[in-house]
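All chains are identified by letter, namely A, B, C and D, in their written order; residue positions are counted from 1 within each chain.
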Amino acid sequence: MRNKVVTKEEAVSQIRSGSAIMVGGFGQVGTPLLLIDELLRQGQRDLTIISNNVGEPGRGLGLLLEHGRIRKAIGSYFTSNPVVGQHYLRGEIEVQLIPQGSFSEAIRAGGAGIGGFYTRASAGTTLAEGKEQKVINGQLYVLEYPLVADVSLIRAYRADTLGNLTYRKTARNFNPVMATAGKLVIAEVDEVVSPGDLDPESIVTPHLYVDFVVQRGMM
Amino acid sequence: MRNKVVTKEEAVSQIRSGSAIMVGGFGQVGTPLLLIDELLRQGQRDLTIISNNVGEPGRGLGLLLEHGRIRKAIGSYFTSNPVVGQHYLRGEIEVQLIPQGSFSEAIRAGGAGIGGFYTRASAGTTLAEGKEQKVINGQLYVLEYPLVADVSLIRAYRADTLGNLTYRKTARNFNPVMATAGKLVIAEVDEVVSPGDLDPESIVTPHLYVDFVVQRGMM
Amino acid sequence: MSDMDFKAIIAARAALELQDGDIVNLGVGIPTLVVNYLPEGREVFMHTENGLLGVGPTPAPDHVDPDLINASKLPVTQTVGCSFFASDESFAMIRGGHIDVTILGALQVDTRGRVANWSVPGKPILGVGGAMDLLIGAKRVIVTMSHTDRNGNPKIVEECTLPLTADRNVNVVITDLAVFKVEPQGLVLTELLSGATLDEVTAKTGARFDVKLVETTTG
Amino acid sequence: MSDMDFKAIIAARAALELQDGDIVNLGVGIPTLVVNYLPEGREVFMHTENGLLGVGPTPAPDHVDPDLINASKLPVTQTVGCSFFASDESFAMIRGGHIDVTILGALQVDTRGRVANWSVPGKPILGVGGAMDLLIGAKRVIVTMSHTDRNGNPKIVEECTLPLTADRNVNVVITDLAVFKVEPQGLVLTELLSGATLDEVTAKTGARFDVKLVETTTG
């Protein structure tokens, strides 16, 4: 039977400079820190990062930012890392800001083959400037386009060797939806089990979305 | 603590004639047959049924159809019940046909506050005639609008008294998404358990979507 | 009045707005304090947009679970009957009208009850988070904020000088001095808090408002 | 040649199109037979749009689970490592390009490789199902059908007289007499099956096609 478990070195070596990379996590919870550290070590640069936050100073995506590896960030809340603001003001990073609900929905659209969707969020605000708007049933909606990535780095709790995934508590957040929208999907997990060990009713990410599984705590 | 478990009589008595009703199930699997039978007994009429199929002759929604209670059916595959064709040809029922993926996505949009979405399905075909189409990234998409209902009748496996739900195997199908898109949501379940008895990681329909729970096999 | 006092007054009054069974999403800051002032026996369900319905109180330091946080990225607990879900599903709940009440902070509120709370003047716009989605999606929106800014200037103004968060008006504005309901014609002062007088509130408010005082319930 | 023979020939040839690890969705009719002809040791994962990844073979009559069916509404089993999900998620997989291969029947195929398979002439259009979603979403589409209709008329035609199912062309057409690949310029005959001659196929085909015969692998 196929086995998608590989080393972090092997998985991350599939990522090229210039890639658009989705990274799961809300704050640092549910963030694939091992994969990010390996990406830092391997040296890929000129990255577009699609992530709700860009880490913290000296931690997670914050490290990639400080090392000048990130060209552009797409997400909803970068304020929590002051380094983003410094890089932005120096013109070292491009930023695209989307309401958090539109952000997660755009990723879902990317994974689900939806060409675009209308949401009320941001309609009539400065954040919608330059976007197509449409009145539907008397209410103003904004057209948002799907987000997709070359690679999705996600953090799950348990994987089976086929690549089925479950998550833990609020570490789930953006991970399952990002698993649907990357051409290459790498999952960092706490535990690897055999097919059949995960309840088929409780698998959150079916294996068809996952390319590689990297187990934490393994060399 | 709140308890959403009621009798089928009580739950179904909330439904008025003229309502738009979503009904879960694929074929007869995962169809809330008890609630449909009670709806037949109580006599509500002039109904718009939003369901993938309209039952079988003499069973499920087929019974409502044969008793002349259905004015309009919205779904993707009515061919499996020949009675639909007979009623349609006699002008007794209006039919709105949507590709199955667009149908389930339109229900999701209804439940998720999406004003409309673009899909490639049916683009350029006769089924898209009269619908807005748009070229996105060089491909033709159709604009589909959300589906919502006055009532959703769904079939789940286990409920807790708060209204959290889990499903069983392929009886899940349209039930979870329909649970998000009805103003009033009634779930017919096999078993009722206490809050805390369902794994919080495995609840498919969180209780905020559910108004009433009806247990099968109870008087 | 100490900073803590004024926050407590606002939070205590906001708690009275919550009805039994409400699904409630609490924003950052004062709103998070509201749970401490719930009337005895009132059961509400706390939703956090990072993927949990059933947020419990802050854990003791030695009971912190690093995978269990709220949208303010603070450690929380989970209640009996809770459920976890991904960010896209969480915002589907928000946009889709499944949250009964959201309580949010604001920088400014205009005479029609529209709020500005996402962008600070003179700083690059690097965070929006879920505020826009909550504002357009929640059934009721309650704003909690200090009546004036740190320089003593009114935060309730004829027109917001900061960019609006949504084109939708909120339902209630609660400050340390007053409660305003938002009616079709605009702000209506309904209560005076903290022993404030009508003259004081008028002096510290930069927008027209009607007055229909009801009995003050706290303060 | 008996009806069973011709179906077996088509299904056996179609099975050779499946690669190790493929995610496969099988339509109603001949496609469901394909699993019986998989080469030894080839591991493919069967997806059914009613919400299961990991469809297993037909159960013995005394092992039928009424909650476990495929999209043809026939009883199936579940494989080790399978997962269940709702219809909206299932079609997100389909539309989003996560299904490697779909095998579908057709009423007609045109010279560009576009198919008509959802609407029968002279009958009211009362069913579309998931065919349109599968046709636009699957990475590869394989059509399996009898070479001619029951009256001996070609089903491969210059232009479909029945309404098209999608504006997208399929990738391979397999009949009881021949295999066509669909290239940018149109149909290319690559194999003769069942001992058919080029003259016979030409006589029974109503559309232009190029010929680039490769070694016949079955029939």
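In this text, contacts are C-beta pairs under 8 Å (C-beta built on N, C-alpha and C of every residue); 3 or more make two chains touch, one makes a residue touch a chain.
Because the structure is predicted, anything quoted here is derived from the model rather than measured.
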Q: List every chain that touches both chain A and chain B.
A: C, D
Q: Please indicate which chain is farthest from chain C, where distance is taken between mean Cα coordinates of the chains.
A: D
Q. Rounded to the nearest whole Å, what is the centre-to-centre distance of chain B and chain C, using the mean of the C-alpha atoms as each centre?
A. 35
(Q) Using mean CA coordinates as chain centres, what's the gap between chain C and chain D in Å? (A) 55
(Q) Centroid of chain B to centroid of chain D, CA atoms only: how many Å? (A) 29
Q) In chain B, which residues are in touch with two or more of the other chains? A) 105, 108, 112-114, 119-120, 167-169, 201
Q. Which chain C residues reach two or more other chains?
A. 78, 84-85, 91-92, 94-95, 136-137
Q. What topology does the chain contact graph adopt: line, ring, star, complete, or other?
A. other
**Q.** In contact (per the touch rule at the top): chain pairs
**A.** A-B, A-C, A-D, B-C, B-D
Q.
Give the list of chain B residues in touch with chain D in this complex.
A. 26-27, 29-30, 52, 76-80, 84-85, 88-89, 95, 97-102, 104-105, 107-108, 119-127, 140, 167-177, 204
Q | chain A residues within the chain D interface of the complex | A | 1-2, 108, 110-114, 160, 162, 164, 180-181, 195-196, 200-201, 203, 206-209
Q: Would you mind writing out the residues of chain B in touch with chain A in their complex?
A: 105, 109, 112-120, 134, 136-137, 139, 141, 145, 166-169, 199, 201-202
Q) Hey, which residues of chain D end up touching chain B in the complex? A) 48-52, 65-71, 73, 78, 84-88, 90-92, 94-95, 119, 123-133, 136-137, 163-168
Q: Within their complex, state which residues of chain D touch chain A.
A: 20-21, 23, 43, 45, 47, 53-54, 78, 80-85, 91-99, 136-137
